[in-house]
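You will see two complexes here that share chain A, one where it goes with chain B and one where it goes with chain C.
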Partner chain A sequence: MVKMNFEIKDLSFAYRRHPVFIEANLTLMTSGVYGLVGPNGSGKSTLFNLITGLLHPTQGAITLDGTVLTPNLVFANVAYAQDSSVLYPYLTGRDHIRFVALQHHVAAARIAAVSEQLEITQFVDQRVSSLSQGQKQRLMIVLALLPEARLLLMDEPLNGLDPDSVMIIRNLLEDFKSTAQMVIVSSHNLDELDKVTDQIIFKVDQGLQFETVADGAEARYAELYHHARPVKAGDGHA
Partner chain B sequence: MRNLAILSWLRVKRRGFWLLIIGVAIVTGAAFFGVTKWQLAQENSTIAARLERGSEELGGQLREIPPKPAKIPKHMIGYWHMIDAKEQLLVAMHRGSQAKTAGNEHDYTRWHVAMLEASMQLDKYVPNGAAEFTTLDIQTIKRQLKRDRYLLATGQTVINSIYSLAPRAVLTRLFLFLLCPPILIFLLLGLNWLWRDSFDTKTHQFLLLHVRQRSHVMWENLVSTIVLMALFSLICGGTTGILAILFGGKESVAWSYPLTPQTSLGVQAAILAVFAAPIVWCLTAGVQAGTLLLHHISTRIAVLVIVSAGITFLPFGISLNPFAQLGYRLLDWQQPLNIWALVSLLIVAGSLTGVVNIFLNRRNA
Partner chain C sequence: MIRLELTKLWRQNKIIPCIMLLLMLMVGSLEISIFTQGQRLSDAVETSEQTIKELKQPNPFQGTKQLLPETKSTISLLDKQLVALKRRDGTSLREVGVKQFIQKWPMLSYSGDNIIDFNLHSGEVEATRKELVYLQHHQLPTMLPLTIRTNPQTALTNNVPVFQDKVFQELTQRFYVKGWEQIWLWSTIGGIMIALAAINIFLGDILANERDSQNDHTTWLRLQHYGRVKMVLTKLGVHLVLSCLMLFTALGIFLVYAWLRNGLGDLRYPVQAWALGKKVVSPYLWLTATAEANYFAPLQITFIPLARYLGLLGIFGLVVLFLNSTLTLLINRLVRMRLLALLIMVALPLLGLVLPVSIYNPYTYLNGDWVVSNYLGYFLSQRAAVYPWVISGIGIAAIVCLVLALIPLKRKQGGHFG
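== the complex of A and B ==
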């Protein structure tokens, strides 16, 4: 584990009149894998978009090692494996990889290694429109891994994947436990999440709540979202 | 920027967009030539018919004239000079009509000069006497005679119309057409497909996440659009030019061909060359801003076309309005040039780019 300081401070954001975050706080101090959990539409992807600057908060700041994340800092330090709809359907996987690699000065050896690891070499020359959901997802992850960013955000990486793809991504997440990267993974697949981390960020009401869940994420999820909520949305610290 | 440009090229290539540009450019260039040829043929037949009608009226009058006496009485000398002038006018009009029908512009120019000289002669004896047959008043006759003599001296031919099939003239007119802002905005809406493709879908998020500064995306798009516009213009102009060389008229036109007392064909071409890049920059920035601000493409197109046409044809401040400088020129070549309008064009283009940059940085993607 490597010391890092990722901090969300007094973050507020709303879609028109619908508030998603109201003065939410979160502090993560070490590298490793963190889960991000919350019901559908609660704002998990919104949080990732706010961290990467694709959305602008109405209030508050997001910092990495004490510096507010600007587009330049995001480019240098943050990678985001988002929904595969951001890929150009008529370009090939290799076209996307070439662009990202050139932008981030990634060596050919690393491209080859990551492509091997995610097993995308067989379909990398096909157009994105002809790929399956799992193949697109793996391609998105390759694109996010290439720059070796300090903070890696993965939005529902296990969604709609075949068992092979799930295994590949699970192994990848296991590997992240021992790297110097901080990885935040949002997922509805709590079983899979439990296999790779016990450090979970819950999106509760309009806040973030960080917890180490010894009994598994599912039990805590049930307490937080299916029953009366004893814990008020507040600050989370790790 | 270089990597973004490579990505843009890949996108253009993978979608076959380059083939579409080439195809549309060829069709546009050929259509422009065809329409100009048709317009010129219409105009030529109108001129020939007018001359024929005038010469018939004149012939009718001259038939009733008694034979010229061997010795002309002193008081009848002026009358017979007038009849001589009318005969010369009749011959010139008839021959001019024949030359026009045959499409022989050099011959037509010579007979047109002869017609104008005979008209001048006739006016000495009967004020505005030529107007009855030529529909030209004395001031117009003097002006046209001066121009025609200049053209004869330089070996050029008269083009009474703004339509000409001489390659230089038809190309200048093509670019006048393409750079007219309401036309250009349509072209740029098509050519700026890369920007719309990204920002009308979620794919712009991929771009924005992988650039150090968002403004790079904007500048690269601006450069790509200018390059695509240059490619389109080159192919469109090439098509029209080749057709003009192969099937063009027999007119011979030099850059010094006087369109008006203030403007020659060369000056017109120079104006277009100077205005081309800034107007494309300005309108591309408009298209970029429109894409970011207006969600529905039909609304976007309507707003952009209405705004550009409105600014182009505003009836006041024409000399300082760069859009009007280009727009009115398409309709009326006599519009005087104001190169200072270029300064306001650059200011508008720069400001619009600044606005796009702000939208891009403040936008919730």
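== the complex of A and C ==
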């Protein structure tokens, strides 16, 4: 594990009058894989969009190693594997890869290595519209991996995948444990998440709560969301 | 990004179908012109024969069965016109036409009763004479059939009786049956607007389609350091270059077709234009002849070669395409619904074909023929040519649209809470 400092401080954000975050705080100090868990519509994707600057908070700051994330800093240090619906259906995987590689000056060898790792070479020249959900998801992850960003955000990478794709992505996440990258994975698949990390960020009410869950994320999830709790923004520290 | 965009448009089958649609419109226009010309020529021959037959009848008021020498001379010229008409011989028709129009009472074999001298009141006859002299000077054949040179005022000033409608049509309606002439025709009937609508069917949603079916592709692009400004400028470049490319490709193929079908025509052919000139003293004898010859004073009808007209029209077309591109981007930014944006961009040019002409109607300034021929100068009561001003105005409007398209809209962020 490598020392890093990713910090969310007093983050507030609302969609119109619906608050998603109220003065939420989170501090992550080392590289590794972190899970992000919360009920549907609780704001997991919104958090990723706030980190990457796709959305702008009403209040608060998000910093990486003490520097507030600006668009330039996000481009250089953060990669985001979004929902695969952002891919262009008429373009091939290679078209997308070529574009990202050009923007980030990625070497051909790196492209080949990542493509091999995620096993996309067989369908990289097919149009996105003809790919399965799992293939699109793997392509999306390849695109996020190419720049070798320090902070990698993965939005529901295990959703709706075939067993092969799940295994490939699980192995990838396992590999991240020993790299200098910080990876935050949002997922509903708590079983799979438990297999790769015990460090979970829970989206609780309008705050974030970081915990190391020795008994698994599922048990803690039941505690947090299935029982009535007093409403209070939580602070999390790793 | 440009490559990505071009690849996307190519794979979406937008480029070739657009060229095909433009080409179909162009070829269709030529074929209709050729077909209707054939019909009109047959009608003109029939009307001519009837007119000559009537002229050969002795006049009961003259009390003699002998024809007057002037009548014999007129009949002789009309006979020659008829022969030339039957032979589709533009050169002979021009020669006879010149002889007719240097007479005091010009007449065409199919001109009917007194239409020329009684019913045309905005310089048409003088303009026709000038055109014929120009054709004679450059040894060019006339269009078939030989017609009176009308202008946008003709419909407002003539008072042709209903029973002579058909004859008036034969006398005034021209048929642009050669390649270059077709482009000239399109500029007079709003062809630029139709071309823009056709292009916009395929490219009218170039920016709005980044957010199709609730998928916002722009978020992915933004993460690749491809922000709004870069995206808008890239889309502008692609839209403009593709618009020009598709239009000129279709035009190029059309010209080859037209050349094989019926020839390209002569680029020296005279096109009516308006410019400051000396007061014209009409040689014709009817009472209003001099006033009609100076109908557009202080501007006068003049003639410029078709090549110059098409050159100016080409520059005008490029500027209008630039405006169309920037306007597309602006509308696409304001209207985020792809289909609505597309609909607006197709409807906007077509509106120009139906809205009434007015100084307050911006489409009036997009009438290529009026701008290039400087009829717009007369319309706006200007002495100088309005062409450079209109070109500059359209260019400025395009830049304003571009700037507006680049201005950030309200940022997507949360409101205050609590």
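Note that in this section the second predicted complex is superposed on the first by the 235 of 238 C-alpha atoms of A that agree within 3 Å, B and C clash if a C-alpha of one lies under 4 Å from a C-alpha of the other, contacts with A are read in each partner's own complex, and residues count from 1 in each chain.
Here, a residue touches a chain if its C-beta (ideal position, glycine included) is under 8 Å from a C-beta of that chain, and two chains touch if they have at least 3 such contacts.
This one's a predicted model, so the numbers in the text were calculated from it and none came from an experiment.
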{"item": "Simultaneous placement of chain C and chain B on chain A, clash or fit", "value": "clash"}
{"item": "Contacts of A:Ala14 with chain B and chain C, given as first, second, both or neither", "value": "second"}
{"item": "Partner chain in contact with A:Gln133 - chain B first, chain C second, else both or neither", "value": "neither"}
{"item": "First, second, both or neither for A:Thr58, with chain B first and chain C second", "value": "second"}
{"item": "Partner chain(s) touched by A:Phe75 [first = chain B, second = chain C, both, neither]", "value": "both"}
{"item": "Contacts of A:Ile22 with chain B and chain C, given as first, second, both or neither", "value": "second"}
{"item": "Chain A positions touched by chain B in one structure and by chain C in the second", "value": "49, 52-56, 71-72, 74-75, 80, 82, 85-88, 90-91, 95, 99-100, 103-104, 127"}
{"item": "Sites on chain A touched by chain C in the complex", "value": "12-17, 19-20, 22, 49, 52-58, 71-72, 74-75, 79-80, 82, 85-88, 90-91, 95, 99-100, 103-104, 127"}
{"item": "Residue numbers on chain B that touch chain A, as the complex places them", "value": "3, 6-7, 10-11, 14-15, 201-203, 205-206, 208-214, 361-362, 364-365"}
{"item": "Touching residues (chain side chain A, partner chain B) in the complex", "value": "49, 52-56, 71-72, 74-76, 80, 82-83, 85-88, 90-92, 95-96, 98-100, 102-104, 127"}
{"item": "Contact set on chain C toward chain A in their complex", "value": "1, 4, 7-8, 11-12, 214-217, 219-220, 222-227, 411-418"}
